[in-house]
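Next come two complexes built around subunit A: one with subunit B, the other with subunit C.
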Partner chain A sequence: MTTPRRTSTGSFRRLLGRLEGPQTMGRGKGFWAGFVVVLIAACGYPLTTDGYTVGNTVYFFNWVFMALGLSLIWGYGGALSFGQTAFFGLAGYAYGILTINFGDAYGFTILATLIAVAVAAAFSAMLGYFLFFGRISGVFLGIVTLSVTLVFERFMAQTAGPEWKVGAARLNGFNGMSGMPPLTIPWPGGDLVLYPDIQLYYITLALLVIVYLGLRILVNSRFGNVLVAIRENPERAEMLGYDVRKYQLGAFVIGAALAGLSGVLYTTWGQYITPSSMGITAAALPIIWVAVGGRSDLTATVIGTLVVLAVFQALTIYGSQYALVVMGAFLVVTVLIAPEGVIMLIARRIGRLLGRGGKA
Partner chain B sequence: MDALGAIFASLYQFGDAFAFLVLSACGLAIIFGMMGVINLAHGEFIMCGAYVTVMANRAGLPLPVAVLAGAVVAGAIGVLVERLVIRHLYARPLDTIVATWGISLIATQGTLIVLGSTMTGVGTPLGSFELAGNSYSTYRLVLMGSAVAVLVLLYLFFNKTRFGVLARATIQVPHMAEALGVDTRLIYAMTFGIGAGLAGLTGGLYAPTMTMVPTMGTTFIMEAFVTVVVGGADVFLGTAPAAAALAIVKASLTSWYGQLFGQIGLLIAVILVIRLLPRGVSGFLLRERA
Partner chain C sequence: MSLLQTENLNKHFGGLHVTADVNFTLTPGEVHCLIGPNGAGKSTFFRLLLGEHKPSSGRILFDGEDITHLKPFQRIRKGMSVKFQVPGIFKALTAAHNLEIALQDHTAPGALQEEIDRLLAFLRLEDSRGMEAGNLSHGQKQWLEIGMAIALKPRLLLLDEPTAGMSPDETFATGEIVRALQADGVTVLAVEHDMAFVRQVADQVTVLHFGRIFAQGSIDAIVADERVAAIYLGEVHA
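Up next, the complex of A and B:
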């Protein structure tokens, strides 16, 4: 309040400066003006449409966190992980187990969210330690993480019997777990229960903006630059004195935590989680969003994920098998024709048209 | 007599696990070892072989011929996939994983659309035999024999035939082989086709023992992955000993705790092996010999 105006604009400038850099597309007044316009439009959006669409948009937002995490691991770190849905499922189940056992009073659902994300991060740190410190090559990382995901799915799918329970929470095998409370915020004059509606929309949107801006700062920091250096040439990065393993492990854990956040939000959104939400088909989807959008840029990942999700949902009208065939074809064609991603390609074209050029 | 029965039972389970691991992995291992490409559509080539086998068998072909038909069809599709997609991605190994996953998605869901969610299979042939009070499936012995035969035939093929020599030359120094007049593009396509064909063979061999669903490939891929990761890049020095070692883990855990714990045990074994032998068993053996 008492800070002189000059200093506050100065620190604002500095903050803005940290949001921009060689690792992200979009800089300068034009980009941020566009960002604010999109943000205002996103804030006004629920007022123009019905409750179902708002809930559905929240559902789309939920997945973006996982996609951003994958963009960090794969796009920036160069380590292709198929394990995102394992962390997603782990955090979802952890949230369910905690809240079914301890209820939703006193804002416990928020604590449960944090614990669930921490569980996913801890599991990824353990797995990542063996993988990165074993220095396995890129291709093997993919198939080991995929194997972990498949085994975890099979494990959860066979927990149908009554002996599989944690406290009051039945794991329920293939049918999945349901009946956990949605996110609840303690509020004077009655708790705020966040069903998929306008309130949850704004909270998810706010989280998304925070995570997006936070990741922008992260990838443009020293950490992000080293991560990209490792992606470009691991040997050179190592010769320059960076411990490649630690940086990759760090990115892997952050990415897993974001996947865990997606898992918790998904679980609270529909109040259920099933093993098939992390199976082989589910595990392919984040790869498709991120690859089609443009894995090596956060903005392209966000746009790509939302666009592909919308297309996917529109196609599901004809049956999810057809939608998945189209998605598979999308992926193959993208890899062959626009290996950097379709959104990325379009953004570069626009950048060239404006005569400024996007990312160097 | 009881002890003999117990020994036979453990040998049978070991052999069964070994056969499953070798047959699941060999197609994947050939493609990875020769070309450095991980084929995530491996499970779908297995599924393809199984479906073709069942259809051919029900159309009246005897089972052994039907299995070979499955292998040939899967191999032909493999050559086609190599021509259309994989060929353009040799410089980008991570992208081949992504592209083959797209193919896998198309294949699984496409099969679901065209052939429905399940198909009538063929019964397990040859019946069973009894030993020391336990009953064993005779067909499983055929599978064990097939696994060993596949390994022997692959060894002879890559070491004793002209194509095998050209293939190994291409893998070692591609531009030198090219300079000596080898059509390396053809070799790559053929190698991918052989890998896919082996996957089809596996599908055909296991088709009589499984439920025919479009996602049946996923039953195999986890085992295939771990065997290739543990084995490393060499089929004979890697895949075979890795399969033998993993079969012990899998067979003992499966008989004590059930199928799922066999898989979990495999996975943990793999993660530990990665930490200790990053280049797999074959890397370890080759360093020892050098």
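Up next, the complex of A and C:
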């Protein structure tokens, strides 16, 4: 009877080993105990507050996937991309077009989510192929991806006329597309319709945990090693025999798929998507979330994104029309004082106080 | 049979003929040093071998196979490896992590840590295992990069001024490393200025001048060649 237990302990250790590594902050029993405590707190959170606040928290969660994707592309891979919002919008519109035309029966919204994410990934693969195999890097990568985002926004903004429709789905110009069904899960005794409330909260939280842990495994794998090598010194990485372009493209597509997931979740959350979700402001904000937290670490990205989003919303609600200016100031101060990110700085300080480095 | 061979290799930059009809042969197992005054075309020749420059004409053969049109990473996968003049390391990562990235495709996962330890000991970097590579001394950075280059278990190791900026002691230690690699069957081609190092390691020396092979032979023959001495003093022109 002891053998199976030993085997399961061994595979648990192996899994834990794959979740930890030099590319991620936090390791050992202390970190994972903290992780479980935070997770339990997150699970208990809806019981302590009202439905509106829970729905609003889901809204925050929706953006974290896109931020994690940007962390992978930029923080780990060293390629600054403004394209995340393009993939966000593309997937959002794709979900809208699919579900407005085909409805939400038989769990179609789940399939539509997968298709919409796949559309964003496929488009990013095409764009990324030309970028990375054309050896476009540095500031030019930022310029091209920003241009693509803005072209999407301009294009969608001029689709107000009735001729701009796909089947039953009107693109609706600057006002955006609305009326698509929320995520709907087939369930015995009646479909589960996931409006921004407790059920959607748990689904989104579960997705977030899965994506976070999956990315931890990815960045601590052989692939993550090469990605970080490319960020540090692309020439050296190539001279170790790695086809740098393929790894950059891989990270770009995974990051884009996560942005697409954010786009779908956002669209289902509010049942609308507008061109302004791909505007220049929308394109700049993910850069701020990720930079302020700490782009080269997944945990710092999650915490940083949630904190900055909450601050941004508070500023917007409580009368300040200067929220965007404050966000810009956040970015400037971060770059000057803690170029690695504020959460990273705090984590390193705590690590030093505890007598060991945050990352080793 | 030669391990590396160039046939009528030429490289023009506009009107400048930087590599001129170079027919170069590298015998397996030898340590071959490439010397020449500044502007002789050593670095360009080196980059042509690596695939970072495309030749204007001519061919490059590695182990009998035409690699002229292969990309750098494809050449590395064929069994070449390189150490640059300016240490090409991953500065923000630890010394051990640098080696892990180089080793991961060439070592079984279970043996990775053991192999990292072996390389660190070979490179005299045991005490710097967890140190960020950017904080190593200049000589240690050079050794770490040599370690990353040999982690690929290459048949041909290309070294671009491996002792640049090193103290005499470090230079000698680098020579010992190169000798140890040769004993393991690695063929080495080094571009080098430091004649003490060349004397320590070279089986064969090639002198480049104005992009052409000017002289070739043992170190003693090269040192005794008055024409070679003259080009270093700027008295002989192409």
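Definition applied: the second predicted complex is superposed on the first by the 353 of 360 C-alpha atoms of A that agree within 3 Å, B and C clash if a C-alpha of one lies under 4 Å from a C-alpha of the other, contacts with A are read in each partner's own complex, and residues count from 1 in each chain.
By our rule, a residue touches a chain if its C-beta (ideal position, glycine included) is under 8 Å from a C-beta of that chain, and two chains touch if they have at least 3 such contacts.
Being a predicted model, the structure only gives us computed values, none of them experimental.
By the touch criterion defined above, A:V244 reaches subunit C but does not reach subunit B. In the superposition on chain A, contact of A:N101 is made with neither subunit B nor subunit C. Within the superposed three-chain model, A:S178 lies out of touch with both subunit B and subunit C [touch as defined at top]. In the superposed model, B is the one of subunit B and subunit C that contacts more residues of subunit A. Within the superposed three-chain model, A:E235 lies in touch with subunit C and out of touch with subunit B [touch as defined at top].
Of the two partner chains placed by superposition, A:Q199 touches none, neither subunit B nor subunit C.
In the overlay built on the shared chain, the residue A:Q321 is in contact with subunit B alone; subunit C does not reach it.
In the superposition on chain A, A:N56 contacts neither subunit B nor subunit C.
Against subunit C, the residues of subunit A that register as touching in their complex are 22, 222, 225-226, 228-229, 232-233, 235-244, 360.
Across the complex, subunit A is touched by residues 50, 71-73, 76-77, 81-82, 84, 88-94, 97, 100-102, 104-105, 130, 145, 148-149, 152 of subunit C. Listing the residues of subunit B that touch subunit A in their complex gives 32, 36, 38, 40, 85, 88-89, 92-95, 97-99, 101-106, 108-110, 112-113, 215, 218, 221-222, 225-226, 228-229, 260, 263-264, 267, 270-272, 274-276, 278. If you check the complex, the residues on subunit A that touch subunit B are 78, 80, 127, 130-131, 133-136, 138-140, 142-144, 146-148, 150-151, 154-155, 158, 280-281, 284, 287-288, 291, 319, 321-322, 324-325, 327-332, 335-336, 339.
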